[in-house]
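Two complexes come next, and they have one chain in common, subunit A, joined by subunit B in the first and subunit C in the second.
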Partner chain A sequence: MTETFLQNLINGALTGCIYALIALGLSLIFGVMNVVNFAHGDFVMLSMYLTFWIGVWAGMDAFITPLITFPALFLIGLLAYNALIDRTLRQKYVTQIAVTVGLMTFLRALAQLIWKAQPRALPYSLIQGSIQIGPYTILASRLVSAVVSVLAIAGVYLFLSRTWAGRAIRAASDDLDAASLLGIPYRQTYALAFGLGSALTAIAGGLLMTFQQVDPTMGVRFGLLSWCVLAMAGLGSIPGLLISGIIVGAAEAIGMSFWDPRARSLIVYLLFILVLWLRPRGLFGRK
Partner chain B sequence: MSAPILQVSQLTKRFGNLVALNGVSLEIREGEIFSIIGPNGAGKTTLFFNIIGLQKPDAGRVLFKGTDITGKSPHKICHLGITCTFQVPRAFANMTVEETVRVGAYKRYQGREMSQKVDEVLRICELEEYRHQRCSDMGLAHLRRVELARALATEPVLLLLDESGAGLNPSELTGLMDILHRLNEEMHITLCIVEHVMQMVMSLAQRIVVLDHGEIIAEGSPQEISTHPRVIEAYLGKRVVC
Partner chain C sequence: MRRSRKDINRPLLILLLGIAVLLPLVVRSNQYTLVLLTTILLYGVLATAWNIIGGLAGQLDLAAGAYLGLGAFTTGTLLIRWNVSPWLGMVLGGLVAIGFALLVGYPLFRFGVKEVWYALSSAALVEVLRVAFLIWNQVGGPVERYLPYHEWSLYHLRFATYLPFFYIMLGLLVLALLIHHWIRQSKLGYYLMALGENEEAAEVLGVNTQKCKLQALSIYAFLVGVTGGIYACMYGFIHPNFFSGPMSTEVAILGIVGGMGITYGPVMAAILLVSVREFLRANLGGQLEGLYLVVYATVLILIALFRPQGLGPLLRQAYDRLLARVAKE
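And then the complex of A and B:
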């Protein structure tokens, strides 16, 4: 009983690091330009399919594919920003929602068209094996995924706190008018934040493909997951995002094992509601 | 008399039925300290916002060194050399003082030169000891200096200051006035100050315009303004400001 619990806690916490990475992308987009991007989860799905493609065609390991998918998703993000999002910034909130929900539907339909409805998975990853600690088994692929996620999150943290472009993003997310008076162009800054937010799903997509399959409807799950993590963390705290990701991942894994595997999204959803109810600003949020 | 650096002609801005600016024309000359005064709601902040590009005027033109900048974005206007501070400080809450100033300096500098610029600006604004403090932890007087510092870091030719003396105690006010004097005399920055603190206007400004209900009702030197009948009636008479 305790053993199963702890085993699931470990697995869930490791997966939760990937969730935090996905939520970080969402947080960049929402925090900077206040756009509720319903398509974010479908960017993860798209990344997973691209990883699958590259894995099959080029025989590249899923862990390595972000070298290609990261720039690809960055460009897709830029394109989505310039073609769609930029035009809705000064529109009503409903219009923004309609546009991102539209993008979500479009991506899902596209995936169904290209990859059909059946789930796809890569045969195996270079990273195999597991580590045994007492009665607990830690899969190497999960462990490496968690480590890569944490490194990517740390990279974004350094980017935001040390570089000109990162500071510009933070300034614009804090006060767009004040930032523009200091010479920061809002359009390039928003495009960069959207591109980077989307590109982070490429890393997550690659990591996820090392141990799970992808189907065209997965976007909803990742969308919900990332909103839950973000709501729990609140805006503006990257370490908080990581902790929240781990909590959500662990809750999901424990719930699935002790309740019902099919309740997966239900557990996340309940957690989401609970957070909105008890701590609308999140556990670590500043605003 | 030096050449005009900023020419505003017939600037009009409406908010629905309210005419916030009604055909405002004025000229700011290179190197001077110019002041705009007027009662609350006269349209001073609106005038700044329409010059700097945060709002687009309904009619009229703004020329900076002879080029039309009407309706350009604030970041482009900043690159040309005009920036502005807010009446209520709007510091970047999640940044330190030094970072905030860096954001302003990046536009023209990189690497070591930028660090030098940041140090210089922090020294001018007497913020060196607060450089690692978060903006969200600072009081009003210091926040105003942070706003001033980050604006200075962009190396403006013309700096618009919106009530930067409001809410300061006498010693803080003297400190601010010293800084503004130095900016003007040593760094040759043209200043345009909107101010309610008459002591500051009278001792700093070389020329003053008085705005009331979106229109300019008087223009002149501090002496002329303080004795102008319409000013006394519209402004000083209604509300004693000292």
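And then the complex of A and C:
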């Protein structure tokens, strides 16, 4: 009993690190420019499919594909920002939701058109095997995924705190008017944040493809999942995002094994609704 | 001008209703066209109901599927298990939907969940209910549960043709429009519009925003729940996938595209967009899966980008211009 519990806790927590990485991208977009992006999960789906494509055509391992998909998703993010999001900045949030829901439907339909509805998966990754610690088994691919996610999150943290562009993003998120007065160009900053937020899903997509399959409905799941992590963490705390991602991942895994395998999303969403009711600022939020 | 406008409005509405009533005669017994027309009406009802909570009160609700599913399961289960007539079942379904709406809405509004968070938590509710009914084997479960078959039974609301459902849905649409029209001109309607515009300001002026939002949510849930009951009878089965996320978002999109708060806007949007979607599906769906949705999504994005106020104001302008021309002659 305890063993199963702890085993699931470990697996869930490792997956949760990837969730945190996805939510970090969303947090950059929502926290910086206050844009409600319903299509974020579909960028994850798109990354997973691109990873699948590259894996099949070039035989590249899913752990390495972000080298290609990261810049690709960054460009797609820039394109989406300039073509769609930029025009909605001065509109009501309802218009933003309508546009991003349109984008979500578009990406999902596009995936269905290109890759058909059946799930796609890559053959096993290079990183094989598992580590045995006492009674617990840790899959190497999951462990590496979690480590890469944490490293990527740390990288974003350093980028935001150490580089000029990163500081500009933070300044724009704190106080746009003051930032503009200091000569920070808001459009470039927003575009950068949106591009980076989208590009982070490329890393997550590659990592996810090492142990699971992808289908066109995946986007909705990751979309709501990342909003859930973000709601729990609150805005402005990167360590908070990591902890929330781990909590969500662990709750998912434990619920699946102790209640019902189909209850996966049920647990996440119940958690989400509870957090919104009881602590709308999130557990670690500063806004 | 004011008088002449009112004089023209009412006969025009009656004329439109007359055309709608006679429409099935034109298509005769073509069941496909009847389903299509009934589906348009169905979305019209849902979007009009949404227009109360979304359009007037400004709460971006994405849980239409939750209330629809609850109505369908209440009606369907009562009919299958205890042979209760869907006429009673759909009202009970509406009440169950209200009960659920209050259960969820009270804490949501009490804790001040707003805007995007309200939208997301309502979207999450649909999925919560879908999975809950999938697991709950006594009532839901992964297999469709069929309603008893009847060639023509008014008591069981089961027919071998879609024709009666067309008229029932048309009646419901008229009812929904009347309710929306009536709320818009009532005290509640003004409170809702005020809080939809600026919640804090409305509160300062003494509007009990929590209570008003709950009332709007209940009316919306009831209408959608009743529609769910008819939906179940029309398709002849119930399944947890009735708690549909995409359908819920589509209802909200129709409300937004139609023009928030404008009484006839969502119906116009439903007529336009659902026909476009079905036309594309019929013509493109066969060759390439998903192509019609790509085109449909592009249309949605373009409308949202270039007509953020929705199609309603556009329609009103055209109508006013037409009236002015008629008055001149």
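Everything below uses one rule, namely that the second predicted complex is superposed on the first by the 287 of 287 C-alpha atoms of A that agree within 3 Å, B and C clash if a C-alpha of one lies under 4 Å from a C-alpha of the other, contacts with A are read in each partner's own complex, and residues count from 1 in each chain.
Basically, a contact is a pair of C-beta atoms (placed from the backbone, for glycine too) under 8 Å apart; a residue touches a chain by one contact, two chains touch by 3 or more.
Please read all numbers here as calculations on a predicted model, not as lab measurements.
When the two complexes are overlaid on their common chain A, residue A:Ile138 makes contact with neither subunit B nor subunit C.
After superposition on the shared chain, subunit A has more residues touched by C, the comparison being subunit B against subunit C.
By the touch criterion defined above, A:Asp175 lies against subunit B but remains apart from subunit C after alignment on the C-alpha atoms of chain A.
Residues common to the contacts of subunit A with subunit B and with subunit C across the two structures: none. Per the touch definition, subunit A reaches subunit B in the complex via residues 164, 167-168, 170-171, 174-175, 177-186, 236, 286. Considering their complex, residues 36, 84, 87-88, 91-95, 97-99, 101-103, 105-106, 108-113, 116-117, 216, 220, 224, 227-228, 231, 260, 262-266, 269-270, 272-273, 276-278, 280 of subunit A touch subunit C. Considering their complex, residues 52-54, 73-75, 78-79, 83-84, 86, 90-95, 99-100, 102-104, 106-107, 150-151, 153-154 of subunit B touch subunit A.
Subunit C makes touch with subunit A in their complex at residues 58, 60, 107-108, 111-113, 115-117, 119-121, 123-125, 127-128, 131-132, 134-135, 245, 249, 252-253, 256-257, 260, 288-294, 296-298, 300-301, 304-305, 308.
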